[in-house]
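Pasting the structures in now, so scroll down.
Two complexes are shown next, each including chain A; its partner changes from chain B in the first to chain C in the second.
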Partner chain A sequence: MNSSATALRQLLTNQASSFRYAAMINHVLKNMGIPLLGIGLFLLLWAGAAQNINTSLGKFPGPSAVSTQFVALYNEHVAEREKADKFYQRQEKRNAERMAKDPSYQAKIRGYTGKETFLDQIFTSLITVSSGFLLAAIIAVPLGIAIGLSKTLNMAVNPIIQIFKPVSPLAWLPLVTMVVSALYISPDPIVAKSFLNSMITVTLCCIWPMVINTSVGVAGIDEDLVNVSRVLRLPALKHVQKIVLPAAIPMIFTGMRLSLSVAWMVLIAAEMLAQNPGLGKFVWDEFQNGSSESLSRIMAAVITIGFIGFLLDRLMLQLQRWVSWDKSSAQR
Partner chain B sequence: MIFNRKKLPGRSLAAMATLVVGSFFSLHSSVNAEQLGWPEKEELTFGFIKLTDMAPIAIAYENGYFEDEGLYVTIEAQANWKVLLDGVIDGRLDGAHMLAGQPIAATMGFGTKAHIITPFSMDLNGNGITVSNAVWEEMKPNIPKMADGRPVHPIKADALKPVVEKYKADGKPFNMGMVFPVSTHNYELRYWLAAGGIHPGYYAPHKGDSSGKIDADALLSVTPPPQMPATLEAGTIYGYCVGEPWNQQAVFKDIGVPVITDYEIWKNNPEKVFGITAEFAEKYPNTTIRLTRALIRAAQWLDENNNANRPAAVKILSQSNYVGADYDVIANSMTGTFEYEKGDKREVPDFNVFFRYNATYPYYSDAIWYLTQMRRWGQIAEDKPDSWYVDMAKSVYRPDIYQKAAESLIAEKKVKAADFPNFATETGFKPPQSDFIDSVEFDGSKPNAYINSFPIGLKKGDLL
Partner chain C sequence: MSLLLDISHIDMEFPTPTGSFKALDDVDLKISEGEFVSLIGHSGCGKSTVLNIVAGLYQATKGGVILNGKEVSEPGPERAVVFQNHSLLPWLSAYENVELAVKQVFGRSKSRRETKEWIEHNLKLVHMDHAMHKRPDEISGGMKQRVGIARALAMQPDVLLMDEPFGALDALTRAHMQDSLMEIQAELNNTVIMITHDVDEAVLLSDRIVMMTNGPAATVGEILDINLPRPRSRLDLADNPEYNRLRSEVLRFLYEKQRKVEPFTNGNKSAASKKAEQAA
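Our next item is the complex of A and B:
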């Protein structure tokens, strides 16, 4: 009797724990399995469709062709780094030889003159997009706060913002290029003109969502908070620092997230059109090459661009959660 | 510039003397290097268009010839010929792979005006004319056949004429692509069409007409070389004249048929040049000579031992940062064969010449041929005396710089004197040539007489 009761209890606990396991497995399946299933289905569809698309450069690249290219691109990067090391060794030797013959010579080490690898292009694009974005943020946030605080200023500036907001980067680019070449003249420039062109184009396109969101956030501050500030007779700057900024931060960051994704899209287009170094140029160069590997290399770049865009967005989301007092505002 | 030139013979004689003395006393190259002088500018950026004839630049880089001269060169592909020329003019590029017509037109002021010079001619031949598959089918019945059924080459534009007339009668414009208004390709395509009785159209820059379609049977327009096959495939144009690998790519992609190479239009015609601004050459004379030296060595390597290095060169060119097309496509023309219709592969050993036949020497007569074609098609609107042609050629083509570079290389035993013109007697004018598809003789010293000898084209006294 006693033993049978123990057995029953054991059976029940076992069952309970197996329920728990089932729930856990269910949870894992839901959170990992379904996205994996989605990706798997997509890969299948992609591979199937790729089989049936014939271009003049051969079949459209399927997942396996693209993954081979990722490996090839990485190997090219490693090979190019080895070439670069040899380049620096030769250069040092040559500098030393010349110093021996020509003591007045000011030897210096020049950067590697070889080609930029895929990884270099990714790095260039990231630097450009963050510079352009930061410049935009430095202008947009103060401007947005000012517009949010003053209705008059808002009415004055709003039409201009609404007109410039939908302008494509491609329209700005020729103007930016010409202005930069006219104004940025220096015999030994610190940064390349092409970098400035891409950066300014990015800034011009991604400034607007930040201005608009910041101003909306500032304008929509709770009346009570503003009244508190009035009662305490906070000076204007203190008012902005203690009341306006903390209250508007969720909106400011929403604007920044929007801006960053715009910035990333704009950058690729700008690099492609203006032949500025970066991922966009990589895509364009491969298109021009028209080799049998070009399409799979472009596809590899497309996936990389998407993945980096996704990571940038997650990064902004984390930042937003970190600085924001209202943790619920930053979901999805 | 002209004053400089007058002083040159004396100066170069002195340079030659010191070089000879130098090489007597020491065979060590550094002595000559010091006499040459260190480069004034060490970091350089050169531009190119994705075509196989940019090879001397790629080879000079990859084989370390630029570094041997103490030059640190970055090589950048350019989107099209205009971007490339603007880059050289505004200083973004220090030098570039250019169409032979570009330095001439820029110096003359047709298009952007700037004094561009060339100390080095990059290659001979290397272009082809390709038509779409549909046009080829219509042309084929007009072409005589050999015993094995393959068409007899060279194919003249006479075979294309009925096709163009049919398009014209149907009210369809017969569009063709070339790469730039002052490109070799434009003049070669025009030469070929006109030799077959098809009018390629006049330019009238004095009336603001720079489209080149006045009186035209075939309408020529600009398309960047790498986009030629795609534009042909899209049906925007029915044929094009372009450098390699873009003719062979049409065969590989099965979208068109190359009908003639420029070797058959004008045997051993000068093709690309290396262009720099006159200001650059004046400001950095040692750098200019040194980069010319590196390019001469690269050209020599490309043709060495009966083209033995060509497969290695093709491998370098197929890298994505140079031409980037498939190895097989580039190899087709670079290694001495050319595929016309699919499967009809023929030997054209001189399709790409980089060094032999004095290919790298900038002949005045080559510049004058381009000038005569510019006049023939109205890009030069008015009559010019023969002396104008010679002066213009002399202000753009600079064999004096080439001579210094070559002589210093000869003194260092890096090249053989026998491979170069005899500098003591060379006038810069090739003897009269008649290896053209229509056998019209060209004598560089009589440009106006040459212009008058064509049935189609502007003649002395004509003004549109």
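Our next item is the complex of A and C:
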């Protein structure tokens, strides 16, 4: 009697756990399987279409050609690094020898001037986009708060924002280039002019969504919360710090996410034209180079650009989850 | 009892695109220290406008409010407000919400330990000490309102202004909150002005009920003294003839003398009454 009860219970738990496994497998299939299926279908379509597109540089690259190039690009990077290391070792050795011969000799360290690899370009692009984005945020958030708090200021500034918002980065770039070359004169520049050009262009394009969203967030603060602040007689600065800023945080982040995706798109275009090192320049150089591998290398860059853009957005979302009190606004 | 608050002949006019709209006409009311006064009236009668003028959030067009012999010209913590929908800062915990008020009002006059004790004391008063580190979205509507009351009490106001504090709560929670408020009132004996729609609530809690006429140009219609002995219990009062007489007095005022007739006219008047709804 007792043993049969135990057996029954065991059977039931087994069944329950097998149900749970089934549910889990189902869940995994749904959440992993469907996106994978989508990607697989896309690759098939791509491979099929690529077969049938002939260009002056050969066939349009399919997935396999592109993945080969990914490996090649990585290998080139490793090789270039080795070359650089060897260069520095040689230099050090030579300097040590000369120092031994002549103790008064002042050793000069010369930088390695090999070409920048794909990974270097990615890194440069990330630096440029984050500098441009940060500069934009430093200007846009306080400006947005001021506009949101003052109806008069909003009326004064709004037309200007609305006019500049839709301007393409390519229109700004020549102006920025000329202004930077006119104003940024230094015998020993900290950063390259081309870097400044693309950074400022990024800033000019991604400042607007942040200003607009911040000001909307600030203007939309619950009247009651403002009344709480008035009853407490919070001084202006404390009012902004304790009430306005936290209340507007969800909207500020919405603006920042929009801006960052704009910034990333703008950056690639700016780099192509400004000849600032980065992914845009990589694409342009490959295009000018026109070898049989160029198209697949460009395609590899395209995929990388998309992937990094996606990662940047996720990063912003994660940041929002950490910072913002309103978790519901940080879902997608 | 000495005179604390004098709402002296106030008029309130709101500018509208079709000319000014008179919400209040010669509202005059004197409130003594420790008194609990309810303002009751149909929606749109300008009860909230009166409260907002006392709070200093609105400026009366004519007349003024005198508190402790000084005219009120701006909002301030000595006239703490409990808002209808709690108005807690959603990014702060219950404790931090009260802390913001305490730090602002008492500043350096309280040491760090005194501040902490004072915050905890006030949260205990409203029976929220068990959840003081929860954020507003983690607690129920009634609990939020308790924190709102704790925040107002923590400012040690001369007069506590409550704008339909329990209007958004369900009936059972509301009864709980009323009992809590009576408890606190028995202990602190604050001067309170409360706006309400609820006849039972008004009779149960108040020393005086101020009944307002319908707007536009609303004013004080009748004032009813409630001389029921305290502490009051809602169960005992249910069969109390005096309680029921007072209750029917208020009901008679609201539904016979000041029966609300929704205006069907168009144009100026409907725009004006819409404005009145907003103002109330």
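By our rule, the second predicted complex is superposed on the first by the 296 of 332 C-alpha atoms of A that agree within 3 Å, B and C clash if a C-alpha of one lies under 4 Å from a C-alpha of the other, contacts with A are read in each partner's own complex, and residues count from 1 in each chain.
Throughout what follows, a contact is a pair of C-beta atoms (placed from the backbone, for glycine too) under 8 Å apart; a residue touches a chain by one contact, two chains touch by 3 or more.
All figures in this text were calculated on a predicted structure; none of them were measured in a lab.
**Student:** Under the stated touch criterion, which partner chain does A:115 make contact with: chain B (first), chain C (second), both, or neither?
**Tutor:** After superposing on A, A:115 lies in contact with chain B but is clear of chain C.
**Student:** Using the touch definition from the top, say if A:233 reaches chain B (first), chain C (second), both or neither.
**Tutor:** It touches chain C, and chain B stays clear.
**Student:** Report for A:90: first if it touches chain B alone, second if chain C alone, otherwise both or neither.
**Tutor:** first
**Student:** In the overlay, answer first, second, both or neither for which of chain B and chain C A:212 touches.
**Tutor:** A:212: touches no partner chain.
**Student:** In the superposed model, which partner reaches more residues of chain A, chain B or chain C?
**Tutor:** Counting contacted residues of chain A, the larger count belongs to B.
**Student:** Of the two partner chains, chain B (first) and chain C (second), which one does A:301 touch, if any: first, second, both, or neither?
**Tutor:** In the superposed model, A:301 contacts neither chain B nor chain C.
**Student:** For A:260, decide between first (touching chain B), second (touching chain C), both and neither.
**Tutor:** A:260: touches no partner chain.
**Student:** Would you sort A:225 into first (chain B), second (chain C), both or neither based on which partner it touches?
**Tutor:** It touches chain C, and chain B stays clear.
**Student:** Which chain A residues qualify as touching chain C in the complex?
**Tutor:** It comes out as residues 222, 224-225, 227-228, 230-234, 238, 242-243, 246-247, 249, 325-326.
**Student:** If we count contacts the way the header does, which residues on chain B are in touch with chain A in the complex?
**Tutor:** 30, 34, 38, 42-43, 50, 61, 64, 67, 70, 72-75, 77-79, 83, 90, 92, 226-227, 229-230, 233, 249, 253-255, 318-321, 323-326, 329
**Student:** Quick one: in the complex, what on chain A touches chain B?
**Tutor:** Residues of chain A touching chain B: 56-57, 90-91, 94, 98, 101-102, 105, 110, 113, 115, 181, 193, 275, 285-286, 288-292, 294, 297.
**Student:** Would you tell me which residues of chain C are touching chain A in their complex?
**Tutor:** Checking each residue of chain C against chain A gives 55-57, 74-77, 79-81, 83, 85, 87, 89-91, 100-101, 104-105, 135, 155.
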